[in-house]
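Look at the two complexes coming up: chain A is in both, with chain B in one and chain C in the other.
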Partner chain A sequence: MTVHQKNLRTERVQHGLFLAAAALLIAVGFAFWGTLGWGTLRFFLQHGLNRTILGLRYHPIQGEFGLLPFIAGSLSVTLIAVVLAYPLALSVAVTATMVLPHRWLPAIRQTVGSLAAIPSVIFGWWGLAMVVPLVRKLGGGTGFSVAAAGIVLAVMIVPTLSLLAIHAAMRVPERWVEGSLALGATPDQTLGRVVLQSIRAPLAEAGIVAVGRALGETMAVQMVIGGQTFFPHNVFAPGATLTSEILNDIGLLPPGAFGHHVLDVMALLLLLAMYGLVLLVERIGGREIG
Partner chain B sequence: MKGTTWHRLAVVGSVLTIAVFGLLLGDLVWQGLPQVSLGFLWKTPSELSSLGGIGPELLNTLVMVGAASAITIPLGLAAAILRIEYGARPGFLLVFDRMRYTLLSLPTVVVGLMIYEWVIAGMRWPLSVGSGIIALAVVNWPFIVDVSVAALSGVPDSFREASLALGATKYLTLLRVVLPSALSALVSGVGMAIARLMGESAVLIFTAGINVSRHWGWSAPGETLAVHLWYLRTESVAPHADAQAAATGVVLLLLVGLVLYLTQKLAHWLKPMDT
Partner chain C sequence: MFFLQWWIAIWLSQRGILERSAHIAISGSSALLPVIKEELPRWEARHPEVRVSVTGGGSWAGLAAVSQGRADIGMSDIVPPEAMSRGMLGYPLGRLPVLFIGNRHIGVNQVSQPQLEQLLAGDIGNWRQVGGANAPVVVVSRPLSSGARFMTERRILKGRSVSPRAIIQLSNGALYKTVISTPGALGYVEWRPDLKGVVVMAVGSSRFDLRRGDRWPYYTEPTLYVRKSAPAIVKQLAADLSRSPAKAQFGLYPAQP
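Take a look at the complex of A and B:
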């Protein structure tokens, strides 16, 4: 056997191993879909449709599984977080790429990247130490609220969002900016009509990534939102999100217990939401697929 | 200078952001650092006094993150190599990409629920170090695939073409040309993955548990630093649980910072001269 034939044989083996790894990842993904789908199916067979997703009362021991409070909680917390974080992240990106000298950019990216690695429980700790008392002063009540969760999440996603925005802004060619300034546009006009205009797609994609992180965060939210299963009627009311409620109830509803499959339903909703966001990013075309 | 209003607003926003993070980190270090001592680092935690430590949690964090990384780095790199270097039918790659992005953005508490249903309830494993490692591995895998894909895509195609034109097989090209060129980016990406894994907690609460045993072992409960911080701040009745939580947070941050610093240094050192 020549060296070349030996190499070819090694290559076939290697190719097979790589293919197996990729196939295993896909299999794990399908196992998620399968387990959650089967759990959801069993939930509906067991409890029927009516007292479930569209209900306002959640009392699993009594067979009431209204998920609207958690869906509302998840959506409002995510909305508050993204609305608060987006302007801050854009500010950081504009300051880093257009105001400060360019030689600082690597250091800024390094710093922002490190801040993005701060564990979420530390944001939760900070939320308990500072944000909850602040919200208590502003809005009354205990301070454990949808608003507190939104603020903590906003701070948590700022570094990730800033990093994506900086990467997007760095893609704008220097000569476009110079051209615009040379034509007599003010820096503001250049920023609005050249820089931001040309990176709309990556900025939208960054927003979607931020929505995904906010929607999926568990710990930081669970620590400050109060964990109430009632429908949160205003932002200063305590509530719960789909993620924080799953965490609270795994212990209460272990597999085999009456009503355990409601957790599968909540998890499937989150999985569907994330899949939707992936398809949305694909549509915008920020990532290359296929 | 006229027409710079938005730029000024951006600077104000940045200062605000810096102030918020300054408050966050400052408060944590201010409350936590006085509690950190050598004894705190190796003693076992105590619910009865404020003299406990975080020794077992530190050990669990290092072992579990290490083992989960050891499992997922080869698996993730292999899947990324297939995606970038070898390719497959477009349909397969589309499913692969959608699946890995979905798994990457999936809330880790959902992964925790799955591991709980499969491993704890299905296979009858205890809440333990072992179950925790599996949970962390499932969380980490798509992330490793992501950073590996990014690192491999960063290698210019001309490198591969040159190697193939010289008569090397695909496998030799991968081994001798592509992987060495991508090594720096791989190391820095893996560093980020490990840092992220160290702070992971939602997936571990119901797979590794929220306490530690007197005897360390594969099937002993495996509370990590991040979980301990959560536990201290939400459930614990120990005196000065607040300050201990802050101290745990400081140690966790130092650990994450150390991992990031070392991997960045290594990545910088490995960087090829010509790119």
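Take a look at the complex of A and C:
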């Protein structure tokens, strides 16, 4: 066998391996959609459409599957988290790239990166010890609430969001900043009208990634939100999110149990929301700086 | 991620059955994990031909997994319904006390059983009504899948449900921590080695004493369930685990005859 033939054979083997890996990934993806979709279909065939997704009462053992409280919980927790985290993360990014000396940048990135690696259960314990009492002082009640979950999540996503914003800000060419300053713009005007203006797309992308992270977070939220299945009428009321309720009920509704497929419905809702976010990132991410 | 782990666990346990039970899968209540994990290495050393895997997931999940053949041994502190228990053998481990704990500042350390029922159901809204401080009662509970909740609703609440306004915590540890830090909190925990920082409630004339834990009237009865048709080695494992001398250090008191 010549060297060339050997190379060709190695190439064929490699090709096969890569193809198999890609096919496996795609198959796993389809398996998820398929299983959840099939479970959801069976749920609706068994329980009908009313009193389910748009219902307000949830008691799976009594056959009540209203998911509206959890949808509202997920949306409000995510909204609070992103609204609180975004300005903070943006400040971190601006401070790190524009205000502080440039030699500090690697250290800042490493520190923020290590914060992003803290497991969520740690944030949950921290929330239990710090955020819940704080919210209790601010809003009364028990402190276990949508607001507490939003704050814990905000702290959780600040590092990720800052890192993405720092990377975006670093992509702004130095000569644009210098040009703007040379033309007589103040540093503030340069920041607002040149730097932030030119990285709108990557910042929006970072925001969507943060929304995804907040929407999917489970453990930290479950520990501080209170786990009640009522519609949360204000931010200081306890509630539950789609993810935290899946976690609460997964032990109660094992495969084969009555009502098990409501978990599939919740998971499919989350999957659809995440997929929507991915599509959004792709649309925005295509745009370049400018 | 949870579903993926679920699938992997199911897949692994099915493989175990196909391999002539050289691999035994245990699944169920996380309350029993510590004692099982303490005893298992010794057992495996005596039976090198058998590999044993242990996963949590809750009592209901364990019972369902055994009755559907997805696991060999199910750990449960919930009594299985008649239809499920018919084809199964149970190996009881003893009694695991369930204690009613309150925040330090409630000003009460003893309640009658009917009072406890009304407190947990949410009928009594302020500790003043049972002679305590002027503080709203905040019930802290485990989710519906918990064995301790199952026992509490059956024995204390006489079949009623814990207050729907209760704060839900998933684990014994998180519930304990919540009761420590939340003013007016009332909850229930399975036995744990330390109960500092909370009031352990006396119920009626019963007061919990660590050394006489077998006298405490409120307990779950954690049990290992196997299918009647299971291979002898599976039943052997369940029987050996249920007799483990490590039980005492995890609060499992012998059942009184």
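Assume the second predicted complex is superposed on the first by the 285 of 290 C-alpha atoms of A that agree within 3 Å, B and C clash if a C-alpha of one lies under 4 Å from a C-alpha of the other, contacts with A are read in each partner's own complex, and residues count from 1 in each chain.
Convention: a residue touches a chain if its C-beta (ideal position, glycine included) is under 8 Å from a C-beta of that chain, and two chains touch if they have at least 3 such contacts.
Remember, predicted model here, so these are calculated numbers, not experimental data.
**Student:** Chain B versus chain C on the shared chain A, clash or fit?
**Tutor:** Here chain B and chain C cannot both sit on chain A without a clash.
**Student:** Counting only touches as set out at the top, which of chain B and chain C does A:G48 meet: first, second, both, neither?
**Tutor:** A:G48 sits against neither chain B nor chain C.
**Student:** With both complexes superposed on chain A, which partner does A:P133 reach: first (chain B), second (chain C), both or neither?
**Tutor:** second
**Student:** For A:G226 in the superposed arrangement: first (chain B), second (chain C), both or neither?
**Tutor:** So A:G226 only meets chain C here.
**Student:** What is the contact status of A:G34 with respect to chain B (first) and chain C (second): first, second, both, or neither?
**Tutor:** After superposing on A, A:G34 lies clear of both chain B and chain C.
**Student:** Is A:F144 touching the first partner chain B, the second partner chain C, both, or neither of them?
**Tutor:** The answer is second: A:F144 touches chain C but not chain B.
**Student:** Applying the touch criterion given at the start, work out whether A:P173 contacts chain B, chain C, both or neither, answering first, second, both or neither.
**Tutor:** So A:P173 meets neither chain B nor chain C here.
**Student:** Touching A:L247, do we find chain B (first), chain C (second), both, or neither?
**Tutor:** both
**Student:** Per the overlay, which chain contacts more chain A residues, chain B or chain C?
**Tutor:** B
**Student:** Quick one: is A:P255 in contact with chain B, with chain C, with both, or with neither? Answer first, second, both or neither.
**Tutor:** both
**Student:** After lining up the shared chain so the two structures overlap, which partner does A:E11 touch, if you call chain B first and chain C second: first, second, both or neither?
**Tutor:** Touch partner of A:E11: chain B, not chain C.
**Student:** Which of 80-88, 134-142 or 170-178 in chain C clashes with chain B after superposition?
**Tutor:** 170-178
**Student:** Which parts of chain A are touched by chain B and by chain C alike?
**Tutor:** 32, 35, 124-125, 128-129, 218, 222-223, 246-247, 250-251, 254-256, 267
**Student:** Which residues of chain A touch chain B in the complex?
**Tutor:** Contacts found on chain A: 4, 7-8, 10-11, 14-15, 17-22, 24-26, 28-32, 35-36, 39, 87-88, 90-92, 94-96, 98-99, 110, 113-115, 117-126, 128-130, 155, 158, 162, 186-189, 191-192, 209, 212-213, 215-219, 222-223, 243, 246-247, 250-251, 254-256, 263-264, 267, 270-271, 274-275, 277-279, 281-282, 287, 289-290.
**Student:** For the complex, which residues does chain A have touching chain C?
**Tutor:** 32, 35, 60-61, 124-125, 128-129, 132-133, 136, 142-144, 218, 222-223, 226-230, 238, 240, 246-257, 267
**Student:** Considering the complex alone, what residue numbers of chain C touch chain A?
**Tutor:** 2-3, 6, 10, 57-61, 64-65, 68, 138, 143-146, 164-170, 174, 177-178, 181-183
**Student:** Please name which positions on chain B make contact with chain A in the complex.
**Tutor:** 1-7, 9-14, 16-17, 20-21, 23-24, 27-28, 31, 75-76, 78-79, 81-83, 85-86, 88, 90, 92-103, 105-110, 112-114, 116-118, 121-122, 138, 141-142, 145, 169-172, 174, 192, 195-196, 198-202, 205-206, 226-227, 229-230, 233-234, 242, 245-246, 249, 252-253, 256-257, 260, 264
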